[in-house]
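Same chain, two partners: subunit A is paired with subunit B first, then with subunit C.
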Partner chain A sequence: MTAVIEAEGLTKHYRSVRAVDEVSLRIEENTITGLLGRNGAGKTTLMQLLTGQEFATRGSIRVFGESPVESAGVLQRLSFIKESQKYPDDFKPKHVFATAPWFFPNWDGELAGRLIDDFRLPLNRRIKKLSRGQLSAVGVIVGLAARAPITFFDEPYLGLDAVARQIFYDRLLEDYAEHPRTVVLSTHLIDEVANLLEHVIVIDQGRILLDDEAEALRGSATTVVGTRTAVDSFVGGREVLHRDVLGGLASVTVGRLDPAERREAAELGLELAPVSLQQLVVQKTGAAAEPTGIEQTA
Partner chain B sequence: MDDSRPIFVQIAELIENDVVSGALPEESQVPSTNEFAAFHRINPATAGKGVNLLVDKGVLYKKRGIGMFVAQGARDRLIADRRSQFQTEYVRPLVAEAEKLGITGEQLVQMIAEGSGA
Partner chain C sequence: MSTVETPTRPAPAAKAAGGGRIVAIARLHLVNRWQVFAIPAMILLFILLVNIVIWWLIVRAVTDPADLADTREGLQYSGASFYIFVYAIVLGAQGVAYVFPYALGMSVTRRDFWLGSLLAFVALSAVYSAFITVLATVETATDGWGLGGRMFTVLYFGGEDAPWYQRFLLFFAAFLFCFLVGSVVATIYQRWRVNGMIVFFAALTLVVLGAVATITLSESWGLVGAWFVETGPGGLVAWSLVVTVLSAVVGYLLIRRSTPRG
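On to the complex of A and B.
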């Protein structure tokens, strides 16, 4: 595996705010990576740094082995679909798709045409007059049809309805399978994309909290439910990710359990429930905001 | 897809189920990794990992440039494997639940006989 994006000690300060704080990461070629985190966690700033749109306060970035800042060779191989892309006044979607091939050498006009039909995008309406969802569709179409060797999608789905989001996920997988490339996708809708991701990076308060294969995270946490005494004795000295108590019942999330431990839990009459990637991220990023070990009594 | 186990393991199990049931006969071609990925809406690399798991187990084999096929004898081997796991995976939990409910061994045997239509 070769890393197409490498960052080392990457830091970005805005006055007193550390938007990105000592981030080191590697993104492998031809993988789909999910960049997950809460609002203000630093996802957008990180993507702006990686695409050369912001200057780092400290640290190094290598994209295809070079610094992306003002490097035409690197930048023409990137596409960055932002949540709020600005277009010239009086621009219509047809103008966007007519000019896109000037910037993206791999542009596939036929794919763009199919996506325009899929999303039922009006080509002749001024961009200003488009709905939020239609505006997002313009970005998604550009991001997919550009077939850039590295594509960043920063929350590309705003205003897209469930059907349109499913079209986006399906077309992304389809086109990625035929034309493998590196995709970095930032999103809040973790459950919707969890199965599309090969790699997951979770950031919180500018720092990397989790950086692992999606398959390794799957099953990395389990919720144990049962009577409080039984749960407490089973959980014992383990690290507890989350804990809820309801009367005499307790629901506690712990790390990975091996088959012997699962049998032990079953014999104690405890229920085991899987923890989805979304729940895992909520528990990991929510825990940092409140002191751990405090019992939430319902 | 459930969240408790890796998806590639679940993909491998789905293919194994089809081999055991005969839906995928021996020497037949299995769908491509990309077809599995599109159908289950999962990452193609994950689907590929599931297929490779079965190649390593000798359930599938690769014909270069054509695709993946079910190996000779795969069905019998899978059935033998599953029989050996039947005791731990099905009988033990069944007996444990029966004990909790106060169902005697005799009653359990009778219920199984009725359930299997014998």
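On to the complex of A and C.
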């Protein structure tokens, strides 16, 4: 596999805020990567850096082997769909779909037309008057129809209803299968996209917490549920990712368990439950500061 | 529901690369034909119409030949066409404020954005100038729309006797100046946001105030007036080009370090 995106020691400061802090990563060609993290974790800034829209304070970026900043050669093989994209004041969606093909050599007008129908997007309404979901649909359509070798989606589904989001996931996978490309997707709806992702990067406070194959992450953690004493004796000295206690019952998340350990847990009358990607991210980024306690982490 | 309109489906892929992207950016500025061509032309023609009515009223009211000559003398200082230059300043500013964030979203380099924008401004200046030059020619040919009126052959644009190409060049330089000044101010905003605007306009105010104070205190307004007369329209155009080119360079340097914010 070849990495099409590489970052080394990438750092971006805004005055005193370290939006992105010493990030190093590699993203392989023709994979779908999820960039996950809380609001303000640095996802958007990281994407802006990788697409040459923001200037790094420190560190290096290589996209197709060269810095994306002001490189026409790199940029025209890349599309960045961001939630906050601005459009000229008087633009209507039809203007976007008329002008976008000028900039993306692989633009597929037929696909765009199909997506416009799927999302029931009004072409002749001013962008300013579109609903949040319709505005997101404009970006999603550009991102898919542009067929750029690298596509960044930054929270692309804001305001899209469940049906429209499903359309987005379906079309993305369909088109990805026919025209493999590298997709980086930042999102809050982790459970929804979990099956889409081949690679997962979790970022918190500008730092990378997790960077692994999605396959490896599935089953990388297990929740053990049972009486408090039984759970405590089973967990012992293991590293605890998360712990909820409610009266005499405990629910503790630990790392990967081998078959022998699973048998042991069963003998102790403990229940084992796989931890979803979303729960894993929540526990990694939310509850880190509270190893004990009875509060549930949302 | 007035939803999907299938006929306006996107055109098939246009292969764009290098210079193609610069031209594409220029086209981006012209997507809204209505705003860029129709509205300014309509307003200009409307002002012309209003002026023609006023001239007609004057000609009717003033009967003494001496007074009439006086009136015609005064009309050569008309500022009726100035609106179109203000419009150019606004278009220049909007071109950066609105098109720049969109262009970056279309994966365009800042360099290509700026060059494409300059191309659009040059093209627009040429079209506007040609339009006004034609109107000026008509104005001369009809002896001021039959009423001795002056709107496009006023003194600042070379007066009544200027040849058409001189007029065209004067208009062209004036438009280019306005587009560039408007856009360079917008690049200051893109680069430093509100703080940049405050500092820029504060500095501009101080510079103008300082100049006025210096001229007033040294009682040299006469010299300033003489300089303008001596320099003449052609000379002023040359000076405006200095500012225009400077704006193009400064705008380039600023936009190269700008990031559109959401």
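Keep in mind that, in the parts below, the second predicted complex is superposed on the first by the 287 of 298 C-alpha atoms of A that agree within 3 Å, B and C clash if a C-alpha of one lies under 4 Å from a C-alpha of the other, contacts with A are read in each partner's own complex, and residues count from 1 in each chain.
As a working rule, contacts are C-beta pairs under 8 Å (C-beta built on N, C-alpha and C of every residue); 3 or more make two chains touch, one makes a residue touch a chain.
Every value quoted in this text rests on a predicted model; they were computed, and no experiment measured them.
Trainee: Label the relationship between subunit B and subunit C on subunit A in the superposed model as either fit or clash.
Mentor: Overlaying the two complexes on subunit A (C-alpha atoms) leaves subunit C and subunit B fitting together cleanly.
Trainee: A:Ala72 in the overlay: touching subunit B, subunit C, both, or neither? Say first, second, both or neither.
Mentor: A:Ala72 contacts subunit C only, not subunit B.
Trainee: Could you figure out whether subunit B or subunit C reaches more residues of subunit A?
Mentor: So, of the two partners, C touches more residues of subunit A.
Trainee: After the superposition on A, what does A:Thr31 contact: first (subunit B), second (subunit C), both or neither?
Mentor: A:Thr31: touches subunit B, not subunit C.
Trainee: Quick check for you: in the superposed arrangement, does A:Leu196 touch first (subunit B), second (subunit C), both or neither?
Mentor: After superposition on chain A, A:Leu196 lies in contact with subunit B alone.
Trainee: Touching A:Gly113 in the superposition: subunit B (first), subunit C (second), both, neither?
Mentor: The answer is second: A:Gly113 touches subunit C but not subunit B.
Trainee: Of the two partner chains, subunit B (first) and subunit C (second), which one does A:Leu121 touch, if any: first, second, both, or neither?
Mentor: The answer is second: A:Leu121 touches subunit C but not subunit B.
Trainee: Between subunit B and subunit C, whom does A:Gly219 touch in the aligned arrangement: first, second, both, or neither?
Mentor: Only subunit B is touched by A:Gly219; subunit C is not.
Trainee: Contact-wise, after the overlay, does A:Glu178 reach subunit B, subunit C, both or neither (first, second, both, neither)?
Mentor: first
Trainee: Once both complexes sit on top of each other, what is the least C-alpha distance from subunit B to subunit C, rounded to whole angstrom?
Mentor: Distance of closest C-alpha approach: 26 Å.
Trainee: Show which residues of subunit C lie in contact with subunit A when the two form their complex.
Mentor: Subunit C residues touching subunit A: 1-6, 8-18, 20-21, 24, 27-28, 31-32, 35, 94, 98-99, 101-102, 104-112, 256-257, 259-260, 262.
Trainee: For the complex, give me every residue of subunit B touching subunit A.
Mentor: Counting only subunit B, the residues touching subunit A are 1-8, 33-34, 37-38, 40-46, 49, 93, 96.
Trainee: What part of subunit A is in contact with subunit B in the complex they form?
Mentor: Residue list for subunit A touching subunit B: 31-32, 169-170, 173-174, 176-178, 195-198, 214-215, 218-219, 222, 266-267, 272, 274-277.
Trainee: In their complex, what parts of subunit A are in touch with subunit C?
Mentor: Touching subunit C: residues 48, 51-55, 70-72, 75-76, 78-91, 94-95, 97-110, 112-113, 116-117, 120-124, 145, 148 of subunit A.
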